[in-house]
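Notes follow once the structure below has been shown.
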Amino acid sequence: MFEKLYKSSGLIFPALATIAALAVSGSLDAYLAFVATSWIIFGLLGLSLDVIWGRGGLLSLAQTAFYGLGGYFGAVVAINMAPTYGMSLVWALPCSALFGALIAAALGYVIFYARMGALQSTILSYTLTLLLWSVTQTFKLDVGAATIGGDNGLSGIPGFVLGFGEEAKKLKPNAAFALVVCISAAVYFVTYWLMRSNFGKIVDCIRIDIQKTELLGYDIRKVQVLNFAYSGAVAGIAGALFALWANYLNPSIFSVQEALLVPIYVLVGGLGTLAGPFLGALIIGGLSFWLGGGAAGGQTTLILGTVLILLVLFLQNGVLGALGSLWRRFMPDPNNAARLTGAVQIDTEVLEDILVEAEKTAGPAKNLSTDEAFKRFGGVIPVNKVSRDFTPGEPHSLIGPNGAGKSSFLKTCVGLYRPEGGTISLGDEDITKAPVFARVRSGMGMKNQKPQVFGEKTVRENLWIAAYARTKDSAKSDAISAQILGMLGLGAQSGVQASALSHGQQQWLDIGMVLCLAPRVVLLDEPAAGMTNEETRELSVLVRTLAKHTTVVVVEHDMEFVRTLEGHVTVLHQGKLFAEGDIKTLRANDAVLDIYLGRGEHV
Amino acid sequence: MKNTLKDVLGRLSLTSVIALASSAAFADVKVGAIFDLTGGLNIYGIQQNNALNLAIKNVNAAGGVNGETVTVVGYDAQSELSKYTQFAQTSVLRDGISAMFAGLTSSSREAIRPIFREANIPYFYSSLYEGGACDRQTFVTGSSASQQLNVLMNWAVETYGPKIYIMAPDYNFGTISGHWIHKFAADNGAEVVGEDYLALSVTDYAPTIQKIQAASPDVVVALPVGAAQTGFLEQFAAAGLKDTIGVVSTNYGSGNQQVVVSPQAGEGLVSAMGYFPSVESDANAAFKAAWEAEYGSDTPIVAGAVDVWNAVHLWAAAVNKAGTADTEEVIAALESGLTFEAPNGTVTLEPGSHHLRQDVYIARGNANSGFDIVQTFEDSAPTYENEMCDLIENPDLAEHFIPEG
Amino acid sequence: MFKVSGATGGYGKTTIIRDVSLEVQPAEIVALLGRNGVGKSTLMRFATGLVKAQAGTVEIAGVAAPPAPSKRAKMGLGYVPQGRFVFPRMTVIENISVAAASNGFDAKQVVAELFEDFPLLVPKAHDLAGGLSGGQQQVLALARALAIRPKILLLDEPTEGVQPSIIDEMAGVLKRVNQEREIAILVAEQNLDFCLSIAERAYVMEKGAIRMETDRDSLLADKVLQQELLGV
Amino acid sequence: MEPDFLATVLLSSLSSASILLIATLGLAVVYGLMGVINLAHGEFLMVGAYSALTATQIGLPFLLAIPFAVFMTMLIGAVVELLIIRRLYGRIFDTMLATWGLGMVFNQTAVLLFGTVSPGIGMPQWNFRIGDFSLAVYPLTMIVVAALLLAFVYVLMTKTVYGMKARASIQEPQMAQAIGIDSARVNTLTFAIGCGLAGFAGAILLPIIPATPSMGLFFAVKGFLTVVVAGPVALTGTALTALGLGGGASVTASFMTSVIGDVFFFFVTALLLWLYPLGISSKWRRKL
């Protein structure tokens, strides 16, 4: 009961709050209703940021730009249509949402397709806001009955008008408050649903580990742009509501201060909580209302500044975040099961089944070939004209000194690095220029050196999201993830957060995620690193089984492990092919001993 | 969680409403005031607010309006535009005011003007501005750009010569003033040889100073806004140009500029405004004495304060004349050609445009950060507003006229 | 020489090691063995002061060590962490110099000395450490630890991700500095061969505690123990 | 275009870029060395300006007022580091928000202490001519000041033991401690130096930009963009970016308008971020 309530708290409490707000809306002091309406609108603006920041991982300082632009656009339409046809909302809201979404998508395209760093993205979004602020001061335009008059702003915006026709009257403050509550609640619940949907799950994964998400075959840039566009639409709706509320817009909406106020709402309420921004706006709005409402010069900024500092220092997750962790303290810890694991044992029969099944759905194993592949970083050339064919049947090992370019070679194959020359093909397909996710969809699966798992998600969810990347079907993904879970022997830990697993278990989970993709070519970068000897033995079994059905390339330092694979070994040195053959021949090769194995006793 | 908080807030604000209401219970006539008492614009806001309180005190001392005491419901807009809308709505929805005195910037006026128009409450805007605001509820007591520039350009062309350069902020006040400079220059047979409109964020005026030198004008019309733009005057002087090129302005000295600028840069700059503290008249002497008794003499009194003083007295006169504080009667009285002996000379409220006919002074900055009046132009009319805005003919007009081009 | 007694500590509220005591004699090389996650790294970090002590003490050359890691370093505690953690945007020379200079040694002289020990670093002297390969970084991390002229050196998984020939070289240098400069060494490893090629004595950890103390020969002989404790 | 006009434009644009660089260096040190975006940088600049102003008002000559301003800002910076920044290392967005709050507090405190109006101290009335054009000398001396300041910071951070310690402390804080660096103290000093540089900027620019509580805002915004575009190689990158962005904006403003100059600044910022998603210096192999 207690746990159920916790899990659906994002639905129940906002619903109760909405009902309560509607219940009191009639009896509220008209003036308080008027002011409180603006808090709800700011909360909605905060929600738009929470979508892209708390969920999407990008601190956007352009939310006020979408808000302002959406507001202007919707207001212009409303000014022209509402006096004749009424229904200011029906004109303003969709136009604002659309315009906000378009601008956000355009900015998102630049940010995400350029693959900008986090700070740089934030700054670019901020630049947009600043640019608007300086340009709109003098921007003058007449659109029908609407006059955008530079810093004098846009006035004459109709209020909240619900009726049709010329006679329709604008709503009184109390009714307007109830209306804004309803609209905001609707947007909130849609957002809540969206963030819980499969789309939302992918958004979450991108935030947690963007590279891993792309390595699962998701077109992360598209998802990010869509998410940003949605957040822009929400901001646009908030902008329209604000325009109708204030009946006036002005370039100060794009000011530095406004832009930075939005993150505060989110932080106060709790980042990533969706409902938090409303609470944050209510607290900040209430605070500045209470402090600065009178004639005596309230030192609102002084107090707000102090509150902000204290908040960052002492209440990192905001009010809702803090309440949530307090609540969790009274619930059983789902991660307890993590400590009860025994040693991993691969069930080869199940593994065979999975691989046969995969072959049926994804087709036969593919060759991976490189032809004169070339990659440089400044003066360093980690991949220097490597031509090599990898075929199914037996495992291929890549060894070589540190810095020989083994990892870089794998990363070039999977597309994490873009080669400057040569070609890379998967089967008959030339994938040299294809983005990472496209290669994965064509059948490549890669596991990086460090285990990459979505720490906040449970073990089952991790596998599910990997399976869903290929199948795009919830039921099939359920089945596949359950099967792999059983094969890895992690059944008891299915509800444990991946971050609670030990390093070795995370390695296995990561490998399991790669298997969920039913890859036709598997690239493993030092999979045995950090594994105990018995785990390494299990791994060897797994790799050998895998190689019967797919092409497998393994980078490894552990010579004992390489030996047990009984496969083909390639030695790389300074980015070039140096030697190849089986491990025995190489051990007898003087050159290899010189550059790599050494002649000591510790090998 | 959310609900309880809202309840608490609700109760809090209700109690404050009750407190405010009870404190105002014995007052008969209430007026609202929204000025920037904190934040970057408070140099104007505090003085405007001071002038308002002083004027109300003066009115009450003279027996109030129709024998009733006037009380003020005041708000601090904190130099934030959104606060203006919020408090304007508050005063309408909650306070039951009979008149509103508010605003400094044009955007603050434009933000709240529709609210008072809808609520049908007289609204007094008291600040020098670019001109053109027009609706039945709005009354402007500051001087408009055309009003000041008309006489200034006349004087400047005569004194310095026919080649004019414009340095102005890049928003409505600057660009519309620029328009009038072009017009009045042409009227006087002079020529605008160059112009530069600057963002408020600019701190480096080297480009402007080069452009001015490249255009080699006889006089620069400089309309710096904010402390950063005041830096222009400093840099202009430091480049050694002040001695060869004249500098005139319609807003230099409207706030603090003459204090911020060092004496070597400020001396000799010419400004044209509706009020300077150095105006010599009995009304000004009495006003300054009352002001100093109340607030001391640390800072020079700005024109905006006098505009507020005038607004309050015009309103009080109208209420007394109408015999009631009801809007319709008061507007009718205000539109009856009221005059008032103001600190800056006799002012007359134009019935059609709701703007003031008033004296404009040309003054020159002296070595003590003060001004010496050079010439007085009496009874200058707001010609543009009179031409565009006739609220007697068209009471339904609600516009902000901007000159074409 | 170096003594940890009753060490209890972990991260946040989680206790990872409980009541661990061990000792390293002057100029001795001791191995710390155990499977993944038994608390070897935590013990190492406890010894440096980077993990806050819930209980227990550390003694260096007979003197109780203060809690601040920087003070322990000045008392002669050198540390090579798992994962190297060289200063990435500093050159190789700077990485070594800053360690030497922070402990009052002549940076130039120390760099010259260490370049003799690690000729591998010489061609990279002016490169940023972040651009070095994993093995080179490991060597640099070792050189940096030696730059503070330690009395006791703690090495955490020095062979992880390092190519065999460099492992060889490291083993040689460690033996040499141990004998020539009489530096005591405590090395945590999973690579049993490497460990036993340099260490005489070993502690075996299990579940956050010392399970047993043993010497090289008996450990080499006892295949059952190897299987049970180390998963070899 | 006459050559004398062109020369004037180039010279004064160089001085604009130098002014931007002077105002930005403190930010670059704090960001580049500590990974902290100090949004209160503009307010530290403002504190420096008011400190210098107050010093001159009590009779100190301007040249002595500058070190006084540096001392004051370093002191305040050290206190801020001890009370706030110290707890936030590694949390870049949290530090942004906390320092923004700090900026609000400083700003409002300045309004309370000094009001919004303070008398200017004026600029030395020296000027010289190039052909038909007359230029004020003081802004041009900023070119030399910027070059000296840049050299000073570069040498301090790369050639001294403190500089090495400072970089080590922020790159790997725990390892820095483990090799004997008291990194907490070093970090406090580094942050204080960053703030001191802001204070220096506020003081030396006081004759050009009058002191107001909000004077730092636009410098901080532009400086902030400059530093982020510059990327990880903070010092060299910032110098180059300030020269390009600041100088370019000033040249644009000279031939067109200041607003187009601003638009140029923001637009080129966006363009550079598009071309170099991690800053222009992200692939440079340089220390600083």
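Per-chain residue numbering starts at 1, and chain names A, B, C and D are given in the order in which the chains are listed.
Following the convention adopted for this analysis, a residue touches a chain if its C-beta (ideal position, glycine included) is under 8 Å from a C-beta of that chain, and two chains touch if they have at least 3 such contacts.
From a predicted model like this one, the values you see are computed outputs, not experimental measurements.
Novice: I need the common contact partners of chain A and chain B, sorted by label.
Specialist: Touching chain A and chain B alike, sorted by label: D.
Novice: By CA centroid distance, what chain is farthest from chain C?
Specialist: Ranked by distance of C-alpha centres from chain C, the top chain is B.
Novice: Counting C-beta pairs in contact, which comes out ahead: B-D or A-C?
Specialist: Contact tally favours B-D.
Novice: Please work out the Cα centroid separation of chain A and chain C, and write it as a whole number of Å.
Specialist: Chain centres of chain A and chain C, defined by C-alpha means, are spaced 38 Å apart.
Novice: At what distance in angstrom does the C-alpha mean of chain C lie from that of chain B?
Specialist: Each chain's C-alpha centroid was found; their separation is 75 Å.
Novice: Counting in whole Å, what is the centre-to-centre distance of chain B and chain D, each centre being its mean C-alpha position?
Specialist: 36
Novice: Approximately how many whole Å separate the CA-defined centres of chain C and chain D?
Specialist: 42
Novice: Which residue numbers or ranges of chain A touch two or more of the other chains?
Specialist: Correct list: 134, 138, 299, 301.
Novice: Tell me, which residues of chain D touch at least two other chains?
Specialist: 108, 221, 259, 262, 285
Novice: Considering chain C alone, which of its residues make contact with at least two other chains?
Specialist: Residues 131 of chain C touch two or more partner chains.
Novice: Could you please write down every pair of chains that are in touch?
Specialist: Here the touching pairs of chains are A-B, A-C, A-D, B-D, C-D.
Novice: Looking at the complex, which residues from chain D come into contact with chain C?
Specialist: Residues 161, 164-165, 167-168, 171-172, 174-183, 232, 285, 287.
Novice: Name, in rising order, each residue of chain A that touches chain C in their complex.
Specialist: That would be residues 343, 380, 400-403, 449, 502-504, 526, 529-535, 557, 559, 594-603 of chain A.
Novice: Which residues, counting only chain D, touch chain A once they are in their complex?
Specialist: 37, 84, 87-88, 92-94, 97-98, 100-105, 107-109, 112, 217, 221, 224-225, 228-229, 259, 262-263, 266-267, 269-270, 273-274, 277-279, 282-283, 285
Novice: Touching residues of chain C toward chain D in the complex: what are they?
Specialist: Listed in rising order, the residues of chain C that touch chain D are 48-50, 68-70, 73-74, 79, 81, 85-91, 94-95, 97-99, 101-103, 107, 127-128, 131, 144-145, 147-148.
Novice: Which stretch or stretches of chain B touch chain D in the complex?
Specialist: 38-43, 170, 196-199, 201-204, 206-211, 213-214, 216, 226-228, 230-231, 234-235, 237-241, 255-256, 259-265, 299, 369
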